[in-house]
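Please see the structure below; I have some questions.
Note that the chains take the letters A, B, C, D, E and F in the order they are written out, and that residue 1 is the start of every chain.
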Amino acid sequence: MFSHNKRLQYTVRVSECNPALANLMLEQFGGPQGELAAACRYFTQALAEDDPGRKDLLMDIATEELSHLEVIGTIVAMLNKGAKGRLAEGVDAEADAFRSITGAGNDSHVTQVLYGGGAPLVNSAGVPWTAAYIDTIGEPTADLRSNIAAEARAKIIYERLINCTDDPGVKEALGFLMTREIAHQKSFEKALYSITPNFPPGKLEGDARFTNVYFNMSQGDGDMRGSWNQGQQWQFVSDRNEQSAVDGGDGMPSVNLTTEEEAALNAMALRTQSEPSEDPVTGAELKAGTQGGDPMNRTPIKPM
Amino acid sequence: MFSHNKRLQYTVRVSECNPALANLMLEQFGGPQGELAAACRYFTQALAEDDPGRKDLLMDIATEELSHLEVIGTIVAMLNKGAKGRLAEGVDAEADAFRSITGAGNDSHVTQVLYGGGAPLVNSAGVPWTAAYIDTIGEPTADLRSNIAAEARAKIIYERLINCTDDPGVKEALGFLMTREIAHQKSFEKALYSITPNFPPGKLEGDARFTNVYFNMSQGDGDMRGSWNQGQQWQFVSDRNEQSAVDGGDGMPSVNLTTEEEAALNAMALRTQSEPSEDPVTGAELKAGTQGGDPMNRTPIKPM
Amino acid sequence: MFSHNKRLQYTVRVSECNPALANLMLEQFGGPQGELAAACRYFTQALAEDDPGRKDLLMDIATEELSHLEVIGTIVAMLNKGAKGRLAEGVDAEADAFRSITGAGNDSHVTQVLYGGGAPLVNSAGVPWTAAYIDTIGEPTADLRSNIAAEARAKIIYERLINCTDDPGVKEALGFLMTREIAHQKSFEKALYSITPNFPPGKLEGDARFTNVYFNMSQGDGDMRGSWNQGQQWQFVSDRNEQSAVDGGDGMPSVNLTTEEEAALNAMALRTQSEPSEDPVTGAELKAGTQGGDPMNRTPIKPM
Amino acid sequence: MFSHNKRLQYTVRVSECNPALANLMLEQFGGPQGELAAACRYFTQALAEDDPGRKDLLMDIATEELSHLEVIGTIVAMLNKGAKGRLAEGVDAEADAFRSITGAGNDSHVTQVLYGGGAPLVNSAGVPWTAAYIDTIGEPTADLRSNIAAEARAKIIYERLINCTDDPGVKEALGFLMTREIAHQKSFEKALYSITPNFPPGKLEGDARFTNVYFNMSQGDGDMRGSWNQGQQWQFVSDRNEQSAVDGGDGMPSVNLTTEEEAALNAMALRTQSEPSEDPVTGAELKAGTQGGDPMNRTPIKPM
Amino acid sequence: MFSHNKRLQYTVRVSECNPALANLMLEQFGGPQGELAAACRYFTQALAEDDPGRKDLLMDIATEELSHLEVIGTIVAMLNKGAKGRLAEGVDAEADAFRSITGAGNDSHVTQVLYGGGAPLVNSAGVPWTAAYIDTIGEPTADLRSNIAAEARAKIIYERLINCTDDPGVKEALGFLMTREIAHQKSFEKALYSITPNFPPGKLEGDARFTNVYFNMSQGDGDMRGSWNQGQQWQFVSDRNEQSAVDGGDGMPSVNLTTEEEAALNAMALRTQSEPSEDPVTGAELKAGTQGGDPMNRTPIKPM
Amino acid sequence: MFSHNKRLQYTVRVSECNPALANLMLEQFGGPQGELAAACRYFTQALAEDDPGRKDLLMDIATEELSHLEVIGTIVAMLNKGAKGRLAEGVDAEADAFRSITGAGNDSHVTQVLYGGGAPLVNSAGVPWTAAYIDTIGEPTADLRSNIAAEARAKIIYERLINCTDDPGVKEALGFLMTREIAHQKSFEKALYSITPNFPPGKLEGDARFTNVYFNMSQGDGDMRGSWNQGQQWQFVSDRNEQSAVDGGDGMPSVNLTTEEEAALNAMALRTQSEPSEDPVTGAELKAGTQGGDPMNRTPIKPM
């Protein structure tokens, strides 16, 4: 069960209202790398986890992320507070209101007109949060790696936001939130490496013929070798012929059909067959302009 | 520039049509952990990357993932081929067609009725693929971790699919695809660890007061200690008072308002104030049923 | 700040695993009327609210909804627990696994294959949760009405789920959750009616010419009168002529254009004008089948 | 059956083109609180409704909302008309076109570049309309409450838009649309209160032990009492111990497993168990920077 | 302005309730090729259209599509009517209700549990309708082609649905709806070909060097020639060298940077550079299983 | 199988960085009419196609579209390169960074803050790409028409983008991409017209009673006749009575219910019946303001 304490995990002090800055901050409130995503990610993993250590860890961090969601959402609410009142009470002359809403910048018009200067669960583009952002699949050796990566991403977005404001109170609270992502990443690293073995993830072994092969699929000026494709662990394959049909077959797909299925497919093929030998007049030709002599004075794009 | 060779990277041999199995396979075609997501993830990273080694690596693997997309999509197309012809030509009696479409199972009705037995970019629930699945943010020390995690997840979904079919050709091709995820994870690991330092990701240091703190936010039977929250690296905080307002402030948010902003907020507060001392009659009370003596013979849910 | 107690708000006792029932339960976990939507709805309102009474109320209920999210998610996790282990360890023969995953019913294949038998934030169709479900706009006289309606909807979905299971522990926990929606609706009703006036919502009056008009837009057998369109409060308008251009104008839109804008529009009009007097041969006519004498043996649909 | 009269329900007169204002107006065209959502909401309810009075009411208002969709869409089209022609015919020098498209403000570049200066079904952030905005569930005592709330929200968004323009024709048409939301809310109120009883919604009673309980989940400075949690109707519970496991159990979840399920879960637990006693070296530690002595000249974030 | 007549455009007669068939029918109600998409497509085009003929045509067909939406939605509502009542009143024993809801098939559980047996704007997978389905861009020579294609697609989905039911009333109404798509396609073809020229669409000519080139990008067994890539109109290019950098440049991208930009990029490059010469130990290696000698008894996937 | 050549299909030369222009360009990278949509559209059709000519054609063009995706994505990456470095290394003072990110215009803040100055698969509004943009249904006579329309739309968006930049290298590369859409449209036209017959699409004939009827659904000033509704091919129906219930029935829907279903529906009707004769007091009336004499000093909106 969750309970709530009216004190924030970190005190939020905002110097002045700024709806455009508020809108940027939404990235970490309702954005893909934000705190709702983090909280939901760990909370849902915790619910289904059976390992007692991981279950506890996941719920600890999920709860803290909810508390961070409150901190970042409070920053958004404080930065929007001035706009909220003016908008709700219609205190500005219309032209001023329009200028203020349209001119603040970076989609803050959405936060104001649609969300009334609140703290909506959208990102800084106004895109509603979606659980499609959560990549949990229910296997710890994969999910912990996803968590590590998620913390790394969130750390970076905070870093970018910190670089965008000189409001000391905002900067300080963002610094706290950013730091906690580092701490969480460390915890998830420890949890991952307390599983033996954790690579490859899951239960099945790979097919030994292909585990150590590196296919050089992109070729030309810029080909590089490095530890990711050279050394004892790698078989490097550049020959295009050895890259396709690597099973030794002909590379062509096949399926066995029943007689009935085959008959239906043949009927479809006949009905929809393209006749390559003919050169039909097409719809586009019926009313095509004449390139170079267009009666509509079309603009040739060359020379540009 | 991409070019295409009509031979698949791995020969696909399907024993018999099976639209329900085809539908499950869509997870790795148009699902969140599937090959389109993988290809798009690495391809977009490659475009913006300036490090020559990583750029090459990302484009190599992006291109291979496109080739995998072709393999898994071909499996889907082969498994659906029988249904496709029958449906297009309407060869079944209506009741049979309905039974066959509805009875195959697990959302394969969508692949059939909406997508004509093709290979649509949806997952096994029929949810269209979305770029919201891609978590690339443009910082290598984060993106490489995201790639490692993505490969781990894809490996697991293939493992689950392999466990669901006894068609030897499908199993073999899935085994190839699964194995390549292992190889790709290895490459991304090497690329990540060839950056020094790579932790914490990005440029800013954390706030030293909070980097090594573990907040025990979830308490009760089941609390556990482990390397993720104990040992030299951790300061473990269980006291609820030390978990909130950790900056030493009062935990209450504040913002400086202009006089004009304050006046507007006050006007809004007055207009929308809740009057706690009064007990108003509400809409719900106007036509409420009487619990326990309901004239509509409502069903009491207790005792259950 | 949130904290977490490992005891659930309501003890969950599940009699036996049932992935199809688990999948139905997802409606109240990651569905549009579910607990995540409720928690997010009230939590975001609380952050931006300045009225002390409503702010407290909203945070109280938001926190309880999070605790409900934990209860319903735990039900899902318990119902899926058997499937989770079998799937992860691949203990079934492939054909059995396929049958079990495909045959359980109602999209539970998604929960299993994609989410590993966990508790994903999707609804019972596998559609990921989206903040588009949340209709908060930042005006209390509207948001409280939205909350009242949301509680009413959630109550009904629980009622439907209760009707679908005879597992006494599941039924009992669902009954608790359903009941709390009733209690929350009552609280929101009280909060709405403690604002005077609360109708019409917001600040602007309506245009007195149109506030009490009822336009009878749908006519024919089935026209009905009732308190919603008759009586002292209503002016009932059925005459089609009095329903359009009610401002007394001609009902035609107009805009003033600059000379430059007009010239550009005229150029576009000329370039794309349709020539009504001509009867052009079209693309469809080039290769049209002959209805009734089709060489492809098309099936006439009449008589059916 | 629907029919259409070329006269608008309200005459639209726009003073001058303004693509940024057009873009704001999209909130009530293709936004969550807009007219398409309203029309679809009532129309779909009407289709499934069996009560003759409500069915008629719902179709009357649905039809009027479609007519409002036409009015607001016409406003958008008129405000965009100048931009549409200039863009289509490419009359501006490139730098001017870029400035004009980028500088108009608030996402109007999307309306112009992607939608050609038309009236797309997106909101003012460019987010496509989704039926996820519609919360109809097919129970009149809930749906009517949803409708009441929806009208209240739409009224407010119109109020905000009215405050943003001084074009008298736009203002007047918006005033008409806003007023009709008030009238519709009144009708839906009447329809709700003509059902006896209408609370609690649906058929099942609540569990009498929990219907009148208020859990004080958020505690600290700012706790408030009011009609929503005090008085004869409420039992107020602040003790944290009485808030969890309210059924009297231990608050711990349980499920009965078959022997086979248990074996599989144990195998999974063994495979993925975290070893708490060990302190493993992790990936993050392999290439961690030294906080405070970083060779990369990382920027310490403190003191800020 | 729209008005509504209570008579349907086509009388709907349903033989018996069938929630699974209802669910399939949703494809043409709230699916991508369905009637809402059609109505919205033409209606929004009509609003922004200035050519009087096309404007009238678009509004005529938009209005008819709304009337079709009513017909198909009524079919859905009739097919669901039995389930709706039983569900709402909870008349079945729980196990029966579960069986009935889960067993009907093809996602009809969503229509029942979430939407109460109504007519929701989702497709047969339960995916909510989205305006992302509408591809209108505001240029008639493109939009009319989109409309032609949309009618063709809708015709096919109706054909598939007709093949799935032997209920004569449903079949007959679907036949009407399908036929009208044919008629609408004809009208849009006429409207397109009454514009001269209509190809290429828009105003700009193509670059004459590339308008008639066919790049043979996919090579191998299965290469085919036909009117789409051979004949007088085509220059066929198979040589891989002539397919890339077709402008005669080196195919490598370039951008001019300011000194400041270059310095920042260099700093980023240095910070995140990959060191190819070293072979670092990676996270995956720390706890990797030994392929072929795995202590966890991993299952080798070969031979399969 | 796909392979990659490091030379672009068209050399990209960008004169100077411009994140706002980069953001506009995203329309053709991750937007609905962009190259990813094109590539996915043709690639998925190719996988399921059995006609050898079309299969080859579709894969040729899919592969070229992938190469175009690389060209447009490279343009985006080059235009963003300056912003990427400055942002990553935090070289600007905070206020400058904020101004630069917020002031560049048209949602480029999202590309910068969330995506780090990369090339994300979103459109110029920041909306993530979705497979809902792809309208493939698996019937060639429909899909080819969809492809023709898609090429027409993409051509127009390129035309608009060309009109927005005077950077000669960008303009030239866009001109190439635009031209190729023309060439592809021509190929798809040829492929469509090599099928006989191709109209109506699919297998079923229309109902001869309705194939040639034009319903004049929108009436009033502005009614027009043209080849799309007059001439030998059309029967023009304006009489409202002949537009509804065109089957000759009464236009009223019906369904046969079982006794049990009827009883349940009757119970629901009774429980939720609206009582038209009564005029209940409603929730809105409990706390309604007095229009014209509002104690809250509401602003009357008339006269405006």
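Operating definition for what follows: contacts are C-beta pairs under 8 Å (C-beta built on N, C-alpha and C of every residue); 3 or more make two chains touch, one makes a residue touch a chain.
Computed from a predicted model, the values in this text were never measured in an experiment.
As for how the two copies chain B and chain F face one another, over half of their interface residue numbers coincide.
Measuring from the averaged C-alpha position of chain D to that of chain F gives a distance of 21 Å. Spacing of chain C relative to chain D, judged by their CA centroids, is 9 angstrom. Here the CA centre of chain D is 24 Å from the CA centre of chain E. The multi-chain contact residues of chain D, meaning those touching 2 or more other chains, are 1-9, 32-33, 50, 53, 59-60, 62-63, 67, 74, 77, 81, 84, 88-90, 107, 114, 116, 122, 125-128, 130, 132, 137, 139, 141, 148, 156-157, 159, 162, 171-172, 175, 178-179, 185-186, 189-196, 199-200, 203-204, 206-207, 209, 211, 217-218, 221-224, 226-227, 240, 243-244, 251-252, 265, 268, 271, 274-276, 278-287, 296, 299, 301-302. The touch graph of the protein chains shown is complete.
Only residues 189, 192-193, 195-200, 203-209, 211, 221, 224-227, 231, 252, 274-280, 283-292, 294-296, 298-302 of chain D touch chain B when the two sit together in their complex. Residues of chain F that touch chain A in their complex: 1-7, 50-51, 53-54, 87, 90, 92-95, 97-98, 101-103, 107, 109-110, 112-114, 116, 122, 125-128, 139-141, 148, 162, 168, 171-172, 175, 178-179, 185-186, 189-196, 203, 299.
Per the touch definition, chain A reaches chain C in the complex via residues 1-9, 30, 36, 40, 43-45, 47-48, 50, 59-60, 62-63, 66-67, 69-70, 73-74, 76-77, 80-81, 84, 88-90, 114-122, 128-132, 134, 136-139, 203-204, 271, 280-284, 286-287, 296. Across the interface of their complex, chain D is touched by residues 5-17, 32-33, 52-53, 55-57, 59-64, 67, 74-75, 77-79, 81-82, 84-86, 88-89, 91, 130, 132-133, 135, 137, 139, 141-142, 145-146, 148-150, 152-153, 155-157, 159, 162, 172, 175-176, 178-180, 182-183, 185-188, 190-191, 193-194, 199-204, 206-207, 209-218, 222-224, 226-229, 233, 240, 243-247, 249-258, 260-268, 271 of chain C. Those residues of chain C that touch chain E in the complex are listed here as 20-21, 24, 27, 31-33, 90, 105-107, 123-127, 156-157, 159-161, 163-166, 171, 217-223, 240, 243-244, 251, 265, 268-269, 271-276, 278-285, 301-302, 304.
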